[in-house]
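Please read the structure below before turning to the comments.
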Amino acid sequence: MMKQFLTNFFAAVGDKTISVFTAAKTLLLVTLNIFRGIFHFKNREKGEILKQAYEIGNRSFLFVSVTLSALGMVLVFQVCLQINKITGDQSQVGPEFIKGMIHAFVPILTAMMLATRVGAGIAAEIGSMKVTEQLDALRMSGVDPIDYLIVPRFIASIFMTFILGIYAALLVILAGAFMAHHSFGVNYNVFFVFDKVTWGDLIIGSTKLLAHGSAIPVVSGYCGLTTKVGSEGVGVATTRAVINSSLAVIILDFIISAIGLMTIQ
Amino acid sequence: MLQLNDITLKLDENLILDRISLNIQPGSIWGIIGPPASGKSVLVKTICGFFKPQKGNILFNGTDICKIPETKLLEIRKQIGMLFQNNALFDFMNVWENVAFPLRRSNPDIDPELLREKAWKRLKKVGLAGSEDKLCSELSGGMQKRVGIARATINKAPLNIYDEPTAGLDPVTTSKIYDLLLEIKRQNSSTVLAISSDVEGLRNFVDNIIVLHEGKIRYSGPEKGLETSTDPVVHQFVRGEEEGPL
Amino acid sequence: MISSFFASIGEKFLVLSNILGGITYLFYQITVALIPPKFDLDEFWRNLYKMGVKSVPIIILTAFFTGGIMVIQASVFVKKFGATSLVGWGAGYSVFREVGPILLGLMFSGRVGSNNTAELATMVVTEQIDGLKALAIDPFRYLIVPRVLAMIIMLFLLTIIGTVVAIFGAALFGKFIAGVSYAGFWTSFSQNLHLADLIHGLIKAAIFGFIVSLNSCYFGISVKGGAVGVGKAVNNSVVASALGIVIFDYILTYNIT
């Protein structure tokens, strides 16, 4: 009984390890091919990057606006509530909030939202092309799907995540100021103090945005390319894209935060 | 032209192709028939290099396509015009852009006007004049097949592979499609490999035929020899009898 | 130009109304199916296992790193003011009330909600739901209600596990990255935080579970088109769930303080 259980247990662990390693190997290969594909200018359609950037922006502008401004207001609300309980000195809320948003909250929250919106979109699109054999049809015309489909999305995602991140930061700060003023009577000129923001904060925030923006298309593109044929396939690939790119964002964010704290902050 | 030697392919431990050997001469027309899940589609996809067989080799004009890297394979594939089972039309392009795509990819510097003209001509040839600017999803099943055929043949590739060119079509459209394929074959003087479940229609179209069953070749040779084959599987499948090994 | 602009706004508005109406109607149908509470218990247990137990690893992983990120955020102050006594409280407060429920809710939506949409949508496109109806089985009592209940219960329980793990993660990383001792972390944590903070987060978790379950079931059963449609349905469902989570977080923060 015990022996049987142990055998099964180790077999399961071994199985899992092997599948994790195979997945890691494929993911690494896809990543390498994407980096190589950046320089294959001839394989790309003209204007494709712009088109994808528009797609990403168009798909996520409203979504990011609504979610991030709501989150900004909630975070300010919680901070002010807590400060009211302890000191009641609201003068530091604005500057500290602005600083925290730039180096911590805006990058991770924007990226989590984009992992959901953009990541799922990329996986659904490429997964659909896989099950309808359009990827094979591309290859029959001598086109590498990574060069043709994923590289433009990769470049566009890096740009757009960065731009949407800056937009989100501004929006969050405005929404936060509005909330602080409205519910706690904090003056706008007390709130909008940018002295606390250092170069370190800006560098950490930007690095995070760039890292997240590149991780999302790589992970979700990989999930799309490895879609299994069948009516469940695309749905499963989309699911995997959301969860894996969100997880990638969280872990990358943690690593960059830790390095940032130990070096430039 | 195309030579398969002892191809054995396993996918997830399942034996899909079992020691397949074939020799296809330039200019000939080959048909592949067999019951469902006998490995027909996998066989043609292996010829295109989408699956790597565990054993054996495939010589395409002297190049072993099992041994070359993906970048070289992409170049080889431009010499094969393929119609996929479900057409695999690009849903992010309209009809004429779909047809023009392989041509544009093999001649990156082609003049856009010429490209358009050639694609339109090809569409007219398959009887789709007037649908050039439509989206593929707006077309009926038979029309989509024709777009697929136009796309597979625009490059005048030396080898054409048609996976189920007549599946799901009515008898009148079916015979029209076979006539069209024959005409294209004569014009491009290409070699043709066609899979079909419609045994009767295919037999009128091809010179040579292969019967696949569970990944093995049960018959391979001239179409006329099919009747006299002694293999019980071939016998039953070709006659459509209920009693037998199938 | 102008008319097409307004037409596109109107069209979007119609789509949105359609979705909201559909979700409300689904809510109504579920309520009806719950009076009297007769639903498939086997399916309920199966879903509790599949949605809950199977999500534990991803929730632990998310929570652990979330705790780490929060403690780093709080440690910025430690470096500046030497305020070690703030770290446990700062990290714990944000994990309990906001970041914990939201991030775990988003991960739950990605893992369980989208899986559920994919499953239901596949059943619709392969006509399995019609098959159930043909066997005189009520798809609501058999499929939808057990899933909705399982998701609410499981996100609630997973948030408890996640919160504990996140606090452990925060304490661990606090020690190694910010140099805050475990004792210092614990004092700061236990003296400043109250049960009310935890309950605040757990109420949110239960409601987020309900939002995710409604969204994922709605987009699953209203799928159109084959395999491609399934992918689109999953995409729409996770986006709607994320929107729902954030908007309700805003409403709830105001109303349960």
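Labels for the chains are A, B and C, by order of writing; each one numbers its residues from 1.
The rule is short, and it goes like this: a contact is a pair of C-beta atoms (placed from the backbone, for glycine too) under 8 Å apart; a residue touches a chain by one contact, two chains touch by 3 or more.
What you see is a predicted model, and the numbers here were worked out from it, not measured in a lab.
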Chain closest to the assembly centre - both centres taken as Cα means: A
Greatest Cα-centre separation from chain B belongs to chain C
Per the centroid of Cα atoms for each chain, what is the distance between chain A and chain B, given in Å? 42
Using mean C-alpha positions as chain centres, tell me how far chain B is from chain C in Å, no decimals. 48
List the centre-to-centre spacing of chain A and chain C in whole Å, with centres computed as mean CA coordinates. 18
Sites on chain A at which at least two other chains make contact: 128, 132
In the complex, go through chain B and note every residue touching chain A. 45, 48, 50, 70-71, 73-75, 77-78, 80-82, 84-86, 88-91, 101-102, 105-106, 108
Give the list of chain A residues in touch with chain C in this complex. 63, 66-67, 70-71, 73-75, 77-78, 81-82, 99-100, 103-104, 108, 112-113, 116-117, 120-121, 123-125, 127-128, 131-132, 230-239, 242-243, 246-247, 250-251, 253-254, 257-258, 260-262, 265
Contacting residues of chain A [partner chain B, same complex]: 42, 128-129, 132-134, 136-144
Could you please specify the touching residues of chain C with respect to chain A in the complex? 58, 61-62, 65-66, 68-69, 72-73, 75-76, 79, 93-94, 97-98, 102-103, 106-107, 109-111, 114-115, 117-119, 121-122, 125-126, 173, 177-178, 226-228, 230-235, 238-239, 242-243, 246-247, 249-250, 253-254, 257
